[in-house]
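Two complexes follow with subunit A in common, the first pairing it with subunit B and the second with subunit C.
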Partner chain A sequence: MDSLTSAASVVAAGLAVGLGSIGPGIGQGNAASGAVEGIARQPEAEGKIRGTLLLSLAFMEALTIYGLVVALVLLFANPFA
Partner chain B sequence: MTIDHLADQAAAISAAELGLAESGSLGLQANAEIPSESKSEAQRQVDPMDDYVRLQQRLMMATLAVSTAAVALSWIFFSGSAAASLLLGACSGMLYLRLLARSVASLGKGSRSVGRFQLLVPVLLVIAALRVPAIELLPALAGFVLYKPALLLQAVLAP
Partner chain C sequence: MHLPFAALEVGQQLYWQLGNLRLHGQVFLSSWVVIGALLALVVVGTRSLERDPRGVQNLLEFIWVYIRDLAREQIGEKVYRDWLPFIGTLFLFIFVSNWGGALIPWKLIHLPHGELGAPTADINTTIALALLVSLSYFYAGLSRKGFRYFEYYVEPTPIMLPFKIIEDFTKPLSLSFRLFGNILADELVVGVLAFLVPLIVPLPAMFLGLFTSAIQALIFATLAANYIGEAVHEEHH
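What follows is the complex of A and B.
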């Protein structure tokens, strides 16, 4: 792998993780704060609120995982090398 | 005559006060007993985390069912190594879901934010798939994301 491809791969890996984490991070923060506020208002509905939060977080965090996978493939199994 | 009449009235009034006091104390006791009984029964019957625990169990069972079906189909239509990689990815997905559920359960009690510890699971899976020749990357990733159709299936079939 030449040095230009290596440098571009490392930069692309960093961008994939960094840019891919912005949206899910904001979304997870909003969801978690809303869930905690809802639990504080209605403690009797804690189980249902936590269940809904778990489902939404599982779908949101997948976007971060996709960025991680792309970054790891670029770093360890670069198809352009 | 008037003195006797006044004495009778005073006796009647004191008796009435005693009756009121007794009935009031009984009423207070009854009022004090009923909420404690109803509270203990309510605590026994409705635990707010029961729904969450049941949801976790349903998610795990749905993920297990979908993963078993996917591994069997990949064993039939593809190769054994692909099925093994898919099984490894499915186990990683279940571990990730379990760690995420634990992180959500501790939110607001022990921690103020959702933990990031569960993200180590896909990272380790991809690194293992890239380093170990026996593990194929695409079946492992497909097995890892099998928890998503399980979530959808559970959401559709939930009562």
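What follows is the complex of A and C.
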């Protein structure tokens, strides 16, 4: 791998994870705040709210994970190397 | 400094040559361990069934009820019984793979290339599982509704057709990448932390890893059941 490709790959890997975590971060914050509000209003529904929250958090986390997969491909299995 | 427990070997495989196929041997070895563990658990638990379940039988019945509730909620009362074994197998295989990869001290077994770990941390395993899910929801829809299954693509309007077709490709893609990425990320985070500080510090990351791997198994099974449920769902006119 020549040095330009490796430098570009490392920068791109950082950007993929960094930019990819902005949106899901905001989304997870929104979801958690909604869930806390729901539990405060209706403490008896806590179990159900927690289950739904965990499931939807995992969906949002998946978006960051796609960025991570791209970063891992660039670092360990770079097709342009 | 030499740290044998913290060496990371991403992208290194133990290749087995079978004809002109190249297999990732370490994935097979750890999958066999997982399958063996599950079989042993089930055989031990069902060997002497009792009316009042105790010990392993009790645990198995708890797991069965949990998976049945999951499948019934997603697939629906009428059809869920046919798909319960499939959903249950997916859930248990992924769950035991994820936890086995984190809890069994694989590093004590030395391989010439690559390292043993969770089978689900290899993209081939997760893509195979996701394609199985794709095939089974097509089969579920076609066998239950015949060619009326394709009405689903033009409902509520024919404008949705291209999106529904694209969905058939993105479903296995996101299923496989989500599982693979999460498990590999857990292993990498623990590996990097263990490389920096070998004692105590990686423990919280390990517990977080156990938690997310359990959630990922649940999500994979829930989504598989949800896709099958979508395919067999009957519109009420």
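Assume the second predicted complex is superposed on the first by the 81 of 81 C-alpha atoms of A that agree within 3 Å, B and C clash if a C-alpha of one lies under 4 Å from a C-alpha of the other, contacts with A are read in each partner's own complex, and residues count from 1 in each chain.
By definition in this document, contacts are C-beta pairs under 8 Å (C-beta built on N, C-alpha and C of every residue); 3 or more make two chains touch, one makes a residue touch a chain.
Keep in mind that this is a model prediction, so the values were computed, not measured.
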| item | value |
| --- | --- |
| Fit or clash between subunit C and subunit B when superposed on subunit A | clash |
| Of subunit B and subunit C, the chain that contacts the larger number of subunit A residues | B |
| First (subunit B), second (subunit C), both or neither touched by A:F76 | both |
| Partner chain(s) touched by A:D2 [first = subunit B, second = subunit C, both, neither] | neither |
| First, second, both or neither for A:E46, with subunit B first and subunit C second | first |
| Which superposed partner A:L68 touches (first subunit B, second subunit C, both, neither) | both |
| Doubly contacted subunit A residues - partners subunit C and subunit B | 54-55, 58-59, 61-62, 65, 68-69, 72, 76-77 |
| Subunit A residues touching subunit C - in the complex, by the definition given at the top | 54-55, 58-59, 61-62, 65-66, 68-69, 72, 76-77 |
| Residues on subunit B engaged by subunit A in the complex (per definition of touch) | 46-56, 59, 97, 100-101, 104-105, 107-108, 113-114, 118-119, 122-123, 126-127, 130-131, 137, 141, 145, 147-148, 151, 155 |
| Contacting residues of subunit A [partner subunit B, same complex] | 28-29, 32, 35-36, 39, 43-48, 50-51, 53-55, 57-59, 61-62, 64-65, 68-69, 72-73, 76-77 |
| Complex contact set, residues of subunit C against subunit A | 10-11, 174, 177-178, 180-182, 184-185, 188, 212, 215-216, 218-219, 222 |
